[in-house]
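Consider the two complexes below, in which subunit A is the common component and subunit B and subunit C are the respective partners.
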Partner chain A sequence: MSLAGLEFAFFFPVVFLLYWLGPHRASWQNAVLMLASAVFYATWDMSLLAVLAGAMVVSFGAGLALGAPSLEEGPAADDTTVRRRRRAILAVAIGAELGLLGVFKYAGFFAGSLNALLSAAGLPDMLPVLRLALPLGISYTTLIQVGYLLEVYWRRTPACRDPLAYATFVAFFPQLLAGPIVRAPGMLRQYGAARLLSPDVLASGAGAFLLGFAMKAFVADWLSPRVVDPVFANPAAYTAGTLWLSLLGYATQLFCDFAGYSLMAIGTGRMFGLELPENFRYPFLSKSLAEFWRRWHISLNTWLFDYLFAPLTTGRSWFRGRAGAGFLVVFLVSGLWHGATWTFVLWGLAHGVALAIHHTYDLWYKGRCRKDRRYVAWRKAGPYVLASWAVTQLFFLLTLIPFRAPDLSAASAFATGLLGFGGQSGLAERFGLQAAACVLFMLFFHLLEVGRGPALKQGFLALPAPLRGIVYGLILAFLMVYVPVGASTFIYAQF
Partner chain B sequence: MPGEQRHWGSVILAGLCALTTLAAVDAALHLVAPPKPLLEIDEAMDGYEAGDPTVLAIGSSHARSFIAVDRALSQRTGGTQHILSVPVEWGKYTPYAWVMQHRVKPILEETDASGALVRDSLRQVLIVTEWWDSTSLDPGTGSITMALPARAWQWTDFLADALENGLTPYNQNFLQRIWRERWSRSSLVQDRGYGNITRGIKEALRGKDVEGEKASYVTRLKGWQSMVEEGVDRLFDPDQVRSLEEIIDYFKGRGIAVTIVLYPRMPGTLSQKAKDTTLRQFSARMNAFAQEHLVRFVDLTLRHPLTDDDFETDFDHITPEGNRRLAEWVLDRDLAFLVDGAGRDTAGSPTAGNGGAQ
Partner chain C sequence: MDRSGMRQLLIDWLDDNYHFGEADSKIGSDDASFLDNGILDSLGFVALVVYLEDSFHITIDRKNLNRENFNSVNKILDYVVLRTGGAA
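Let's look at the complex of A and B:
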């Protein structure tokens, strides 16, 4: 089941009514959500439900052990023995969580890569290459649970003692498929108390869901089969102009697919009185790569920076104070998290190196600013801002080639084609009103955040209810006519 | 969360206005693409339970032509004879056999407390068919394999499949159908996948594209002709033949006479090659099959009163007026035995049709 599929229109009303018409207690609400999440999960693969349940038992138990009074309070809390015991519990629990992810997601990749290396050296294959079915959302649930364990270990959040609340926190169905990656401090508190249905919550939830659906089903699903898939399937056959168009199309598709899904998940969460974290904040307005990653897939990047980058660069290892090396590690991990292929490794490496260069440049420029105030003015001037924006967006665009290409040779063919060394084919499809509508939608969406955009948004929300209702009705009718039949799966669900 | 503090009244009002707008747009779109209610299996089975028909016409969407035959037959017999059409969209005998086993059989064999059949009027079964039905299920043609969940399943079938396989694109077709049935009067829902609304809007904005339509007609005709011509290599797939035999054996076993009726084809769309190969071979082989299985055979493929104008623009289906003409014509000739109210299948003697595609 997917949030954008028709089956969700059958599933959601039942869960919604059970949730709000039942007893006004956190335990009831969590039980309904947990049951709904189990059904949601089972519609993908019931046999792998046990994997998720097992992982949750391990992390919940480890959390309880880390927060046990004997280890948590009293004069013994700082004892070396206690510290060692807590560290051991954390290591075992995180090892189990990551081990599970490693077996299901990376065993095949590493075994395949090692065998390829051996065969290049003329040696026989050493490891069997496993091809296991990836449990739904394992990349997301693993990060949620590892984050929780670290929070409890660092004593930033108390251990959760309610298994139902914990299970719902990890596996709440809207976030299961593609995030956002929730964090213990913000969410466990919400699951600990009974939620109230308010008109604000319902209206903003429904609005976010509708916007997300439009992004996914209207823009992403229209662009994918017409502009993106055929070109990436055989890049060598297409002209440079077509390749550029397709790359822009993919950037739009990826954003609308993933940000659309995130909005739908956030909207669904709100309709249950839960506030999931923001995942996108107008990334195409970014004027530097660092800013871009604060606006794109926010929940993953804050996770990586809080739980990997920060401990790495402030700890006692070689990485201490070496931010550039930290960026490299973070983005290599991010690349591998997206998928166990060399194309994702290359994508992560490119972003890690670029962030490290940008960080060095930023330090240098700030140094100049301290010496000469004109540098401050230049940085704020139009040409500098425009150039920064263009370089940032162009870099992101180009790194989407390995991100989308099936393998390194296809990525290389696409890249050389962009420079004019490709084929002669264009896209057969004539781009009419709908292509223009997709582009306008993207532009409009981002322009709502700049200049008079926010005021315009507020102005719409302040319109009389009947007028707003008419607009929503027209949007719904438009989507029912123009959304392509058969919504595809979400891109980020495969990660 | 964005926006000002809202009250329930304003949220409900906005929701109601959204729904009213949606309904108004939908009503306006009825002018461009009115929903066309079609008889489907569920409705047919409801009709069976309520009506106890004397004749069952099972086939693809072509079986819907027998709604007109039923009207003419009822008129001629004063309502003593009644045909129930069971249209299994997209055709093929394996889905027909499934429908017979899972939908028709439970109703046909239902008994009361004394053990007597609740409905015992059924005397005749017409298998309405054409060459396409005998060809193999093509794995590349999703529309055919999804026919059962999309048209024939019930909730129990869906739940059994979903429990075994999870939600799959195959069983999701059932939910699509339920959704469409629930909103059967909505143009917005019914037009999904057909594109009549977008075409209508385009025509309203840009005018009718006569040249484009001509070109499209020629392309479609070419495709249609080559599909029929190429069909000759795929006739009488063993799985399909087994399913057809299963249907015939079941009804004959219950003493119900079976007639195989080859459906009329649009004359202007058939190339000489198609007539000489696919259609001729299918007719001959089906005639032999009917004789072997001791069932009646009626071939209307080319022998019918219809002209090209009596067919829809899809080349495949007959217009309402064409159906009326066909109904009167066949009841005067090949299906006249239905008017006589022929009894159960005791003789088992086949009546071969004459002419047709032979």
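Let's look at the complex of A and C:
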């Protein structure tokens, strides 16, 4: 089952009614959500439910041990033995979580790569290559649980003592497939108290869900089979213009697929009185790569920043104060997190190197600003801003080639084709109204965030409810006519 | 060093690295949130932590190191004063 699938239209009302019509208690609400999450998970793979449950038992137990009164803050908290014991508990628990992810997601990749290396040196294969089924959402649930363990270890959040609340926090079904990656401080508080049904929150949740569904089903799923998939399957056959069009189409598809899913998850959460974290904030307006990563997949990037980059570059190791080296590490991890293939490693490396270069340039430019204030003014001027925006977006676009290509040779064929060394084919069909609607949608979506856009949006939301209802109704009718029922799966669910 | 001296060091750092002479006017109130008012981004926070630790010879506890409670002139100064006993 997926949030955009037909089954969900039957599943959601049942869960919604059970949730709100039952006793108004946190335990009842969490129990309904946990049961619904188990059913949701089981529709994908029943047998792997045990893996998720096992991982939750480990991190919940470790959280309790870290937060045990004997190891908590107090006169003994700074005692060396206590510190060592807490560190050991953390290391074992994080080791178990990452070990599980490693076995399911990376064992095959590393064994295959080692064997390929040995084979190139004329030696026989050394390791068997495991091809295990990846448990649904394991990349997301692992990060959620590792983040929780670090928060408890650093004593920034108390250990959760309610197993039902903890399990729901980790495996709440809207976030299971593709995030957002929730954080303990913001979410455990919400699961600890009974939620209230409010018409405003319900309307806002339904609106977010509808917008997300439109992005996924109308834009992403329309573009994928027509503009993206055929070209990426055989890039050498297409003209440079077609390849550029396909790359732009893929950027739009990826954004609408993933941001759409995130909005559907956030909207679903809101309809249960829960506020999941924001995941996208108009990334195509970014004027630097650092800004881009603060706007794209926000929950992953803030996770990597807070739990990897910040400890690495503020700790006592060689990385202290070396942001460039920190970027390289973080984006190599991000690349591998996205998938156990060399194309994702290349994608992560490209972003890490680019961020390190930009950081060095930024330091140099700030040096100029200190000496001559005209540099400050130039940086705020239109041409500089426009050039920064164009370079940032072009770089992101080009790095989508290894992100989408099935292997390095296909990525290389696509890249050379963009320069005019490709084939002669164009896209099979001419596009009319729906293609224009996709482009206009993306433009309006981002333009509503600049200039007078936010005021216009507020103006629409302030319209009388019946008028807004008519607009929403027209959108629904439009989607029902044009959107194929049974949308495909989400790109980020594979990670 | 007293609190006002520490404040001046913080403002000088913000001027040198982010606001080039406009830090004081951009901050407005010493209780204003750095993140909400565009004074510092997350990368800036990391650089600030390294700067404060090196300048005042303190170690900033991870417990205190998050965006919510390390996010304004007053909150930062409160912490540094606490850790240095008011002298650096």
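Basically, the second predicted complex is superposed on the first by the 492 of 495 C-alpha atoms of A that agree within 3 Å, B and C clash if a C-alpha of one lies under 4 Å from a C-alpha of the other, contacts with A are read in each partner's own complex, and residues count from 1 in each chain.
We take it that a contact is a pair of C-beta atoms (placed from the backbone, for glycine too) under 8 Å apart; a residue touches a chain by one contact, two chains touch by 3 or more.
Just so it is clear, the structure is predicted and the values come from calculations on it, not from any experiment.
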Subunit A as common anchor, with subunit B and subunit C clashing or fitting: fit
Partner chain(s) touched by A:Gly459 [first = subunit B, second = subunit C, both, neither]: neither
Contacts of A:Tyr472 with subunit B and subunit C, given as first, second, both or neither: first
Residue contacts on subunit A - larger count, subunit B or subunit C: B
Which superposed partner A:Val481 touches (first subunit B, second subunit C, both, neither): first
Touching partner for A:Gly61 - first (subunit B), second (subunit C), both, neither: neither
Subunit B versus subunit C as contact partner of A:Ala9, first or second or both or neither: first
First, second, both or neither for A:Arg370, with subunit B first and subunit C second: second
Arrangement angle, subunit B at one end, subunit C at the other, subunit A at the vertex (C-alpha, nearest 10°): 160
Distance of closest approach, subunit C and subunit B, by C-alpha atoms in Å: 17
Contacts on subunit A seen with subunit B and repeated with subunit C across the two complexes: none
List of subunit A residues in touch with subunit C within their complex: 154-156, 290, 294, 302, 305-306, 309-311, 313-314, 320-321, 323, 366, 369-370, 373, 376
Subunit A-touching residues of subunit C, taken from the complex the two chains share: 16-17, 20-21, 41-43, 45-47, 49-50, 53, 60, 62-63, 65-66
In the complex, subunit B residues that touch subunit A: 1-11, 13-22, 24-26, 162-163, 166-167, 172, 175-176, 178-179, 188-189, 191-193, 197-198, 201
Complex contact set, residues of subunit A against subunit B: 1, 5-7, 9-10, 42-46, 199-204, 270, 275, 457-458, 461-462, 465-470, 472-474, 476-477, 480-482, 485
